[in-house]
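Here's the structure, in structure tokens; my notes come after.
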Amino acid sequence: MADNPKQRHRGAHVDAETVFSNYQAITSKTFLVSLMVEFIGTMMFTFLGSTVTDKVFGPWVNGLALAVWVYSAANISGGHLNPAVTFSTLICGFYPVLHSVLYVILQFCGAIMGALLVAGLVPGVSVGMGDGAPGCFDSTIIGKGLSHSQLFGWEVGMTFTLLSVVYACGVAKPGHGSFTPLAVGLSLVACAGTGGQWTGAALNPARVVGPLAVFKCGTDVAYIYILAHLLAAVLACSIFAFVSGWGPLSPFQSM
Amino acid sequence: MADNPKQRHRGAHVDAETVFSNYQAITSKTFLVSLMVEFIGTMMFTFLGSTVTDKVFGPWVNGLALAVWVYSAANISGGHLNPAVTFSTLICGFYPVLHSVLYVILQFCGAIMGALLVAGLVPGVSVGMGDGAPGCFDSTIIGKGLSHSQLFGWEVGMTFTLLSVVYACGVAKPGHGSFTPLAVGLSLVACAGTGGQWTGAALNPARVVGPLAVFKCGTDVAYIYILAHLLAAVLACSIFAFVSGWGPLSPFQSM
Amino acid sequence: MADNPKQRHRGAHVDAETVFSNYQAITSKTFLVSLMVEFIGTMMFTFLGSTVTDKVFGPWVNGLALAVWVYSAANISGGHLNPAVTFSTLICGFYPVLHSVLYVILQFCGAIMGALLVAGLVPGVSVGMGDGAPGCFDSTIIGKGLSHSQLFGWEVGMTFTLLSVVYACGVAKPGHGSFTPLAVGLSLVACAGTGGQWTGAALNPARVVGPLAVFKCGTDVAYIYILAHLLAAVLACSIFAFVSGWGPLSPFQSM
Amino acid sequence: MADNPKQRHRGAHVDAETVFSNYQAITSKTFLVSLMVEFIGTMMFTFLGSTVTDKVFGPWVNGLALAVWVYSAANISGGHLNPAVTFSTLICGFYPVLHSVLYVILQFCGAIMGALLVAGLVPGVSVGMGDGAPGCFDSTIIGKGLSHSQLFGWEVGMTFTLLSVVYACGVAKPGHGSFTPLAVGLSLVACAGTGGQWTGAALNPARVVGPLAVFKCGTDVAYIYILAHLLAAVLACSIFAFVSGWGPLSPFQSM
């Protein structure tokens, strides 16, 4: 489907100039604005996604809130809103180290602020309330009988799905333009609609760390989630590099 | 995601000529038609959104009805259908004062007519029936234990989400073109899917005032909703102005 | 939202040449193919939309099946799939009389064939089984306490919503291009999500007539539905003509 | 709707050069990459679609997972992910025989690997567990009272719907560009939302064969599903060829 051979061939390599002009000096206002947008977007995505309690709307609110905030952020910061996205594009050579570190810090700060919003705006919720707080990924939401390695496998598979969409739609040229935020959001809906019953469907280290920091929940399993997200980031980057080549910042780029 | 550096840089400033040609003299047929479209769109959005009773379809009908009527209105009136959108674009310098006032008046009239349609077409509903009438934002739909300041906070956060999408997709150049109505509608689905359980998810002063005027409901809390929408309008405008600059009608524009 | 002043001004008038080249001689293969596509599309839309029994999926299956078959038909026949669409574009001067008559006949034939598919593929359903057969609009699905004039009003309002999207997205130039089938389908989801509880949400004379002809159901109320669809067709055309001008085939066109 | 006469006329014939440049030598890295992408996409689509247990999310997870993986694969392999798509484009002259055979093999391998992922990641599921395993199309999911010929009819009708969208949006020029993956996914949502209650809504031989091979389920009915998919492939190709002409590889092409 969507067979366009010219697109496909141009898609085989990434245009270095396009990528290099993709970020600004860390001291520029443009980059400061990008950091602010990553902070606000991750905060609001965490807030909306954490507070949904209706079972039917859980995947939808999470996926659509992600889509909507990526739409808001896309033309400014690129709309990562997820350390796994930033880490994957970093190791693939599409984003510089220091920029990536600052993005991830602001994403974590945004998720923490989002969890604080949850604590402030939802009756009966308080800081430090432990497992079971809204938005937490802890033993209370892990499906019955799921082993730690199965938890790991689910999160790898789901995060890999989300990152594959990010690469194919948003990093590859040609991708799918303004379809990217929608497709990324729908990938979260699809994953949360099935894997949500087993892992809660985090797919994003910030979504794990924000509530953990505020509510002290899920401290025993957080590392499983985050390691899974990092492995998925490596996997998605490896496949993209094999298919379409490394990014211009990669040491392997001349290969 | 959706990384396009050229878009991003061009997006950093708003093209004054584009914005100035964006409206016509108040006495022109074009502006009269725009007023009519704002009236019809807000009426139908209020009517459809107010009459849904199924819990699962509440957020969907509201979000999709908004998307659909913004599609119908977008190329004619800009598809505001919400005084918070008009107010925010006014204070940010994208829309002139008198035009904005007339838009808001017609939006309120449309919402009132929409509530009258509800009264006429839904069995058992009558004008002046008080709290609990369809489409009302009153104490019967506010979540248990929610304080007035929490109600205020939820409506600010949700309206800010909707307005951020409006700015990023519909006001910024480049935005996301014909994705705008869909993204705006989906932002309402996401917000109503979670905050709906706490506030009913108004996000729009006309949606509050229309049923209030027809059914005499929610008179004690309406000001909280509307102040929240106005604060969100100021917030969203402030951030947009910081990121992309003031509109051409703003006194701060030369800054 | 989606403010593009150039679009808006170009949208104020319809390009006569574009419209005139929009159809072919009735004896041409192109028109024969269009008739076939209208038949198949209306058949499959009726079949899928009639067989859904799950309450949650009713509006979605109907709206998405419509979107999907309009995508399939759009570039060939224009994807009307609804006599109300054909009738409205006819009276507005966008489609010639004889072509319209043949479209409507094929749409009715398609809906009848779709209802026959229902009879053949759903266990327990048989031709002539009367009220309550799948896809019927009869007294068994009309909401409790709804008067005939309220039924009429609901169908006018919902069909007017659908037709407004058709005009704004698919007839107006510029419309919203390939968003049109999606927006039209989502308008049906939104309407069926609320009005479905009262009228079943037909919005299309063929959807009424197909099951009626096959199952002999709803014979006492069918005229209310169809008259409502025709009035909505007149309303939507009138507003579009006021906003953007008559079509090139209209006797009023030179006004 | 979406009336664009220029599109329509250009759509009447398929551009041979475009199609011929659409694939690469079987020994090329480009084709190897396409095979890998078909494998991964079908694997992940099968895995996500098979594990959903919530009745409300069944059609959504399947349709959105398909949409999302077609987005990921579209610009590389064309995003078939379904032997019925490959077979139909083969017999219509849009894809060469050997390429098609390899695609189908990799799709079946991907679906088998997807079913193995299900066995590994879902507690209580084991290889060879027989009918009722996740993702199986067997007697436990076939609707009560449905005859084998009705089962066959439903799968033909639903697969024909999906393939019509593939042809109209993804093969025809002009199609609907980056709307194709979304429209294809939504066609699966619509079909699964109604026919799912009767057949489980396979629409894809790989989705039948993958779980069958891993869980030994549905061995008595699998041939009905697959024959239905093949007949739908022939039907959709026939109609497309009648409407828009054969593909450049068809022996009938000069007709």
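We call the chains A, B, C and D, going by the order they appear; numbering starts again at 1 in every chain.
Definition applied: contacts are C-beta pairs under 8 Å (C-beta built on N, C-alpha and C of every residue); 3 or more make two chains touch, one makes a residue touch a chain.
Owing to the predicted nature of the structure, the values given are computational and were not obtained by experimental measurement.
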- Query: So which chains are sitting against chain B and chain C at once?
  - Reply: none
- Message: Can you work out the rotation angle that lays chain A over chain B using Cα coordinates, in steps of 5 degrees?
- Response: 90
- Looking at chain A with chain D, do both copies bring the same residues to the contact (over half shared) or different ones? different
- Task: With chain centres defined as mean CA positions, report which chain is farthest from chain C.
- Result: A
- Note on the structure: Note: chain D sits from chain A at a C-alpha centroid distance in Å of 28
- Message: Taking the mean of the CA coordinates per chain, how far is chain B from chain D in Å?
- Response: 40
- Name the residues of chain D that each touch 2 or more other chains. 56, 169, 175, 177, 179, 182
- Message: For a test of understanding, state which residues of chain C touch chain B in their complex under the given definition.
- Response: 1-9, 11-12, 55-56, 59, 143-147, 150, 153-154, 157, 160-161, 164-165, 167-169, 172, 174-177, 179, 182-183, 186-187, 189-191, 193-195, 197-198, 239, 242-243
- Message: Applying the document's contact rule, which stretches of chain A touch chain B when the two form their complex?
- Response: 18, 21-23, 30, 33, 36-37, 40, 44, 47-49, 51-54, 56-57, 60-61, 64-65, 67-76, 78-80, 85, 117, 120-124, 166, 169-171, 175, 177-182, 184-185
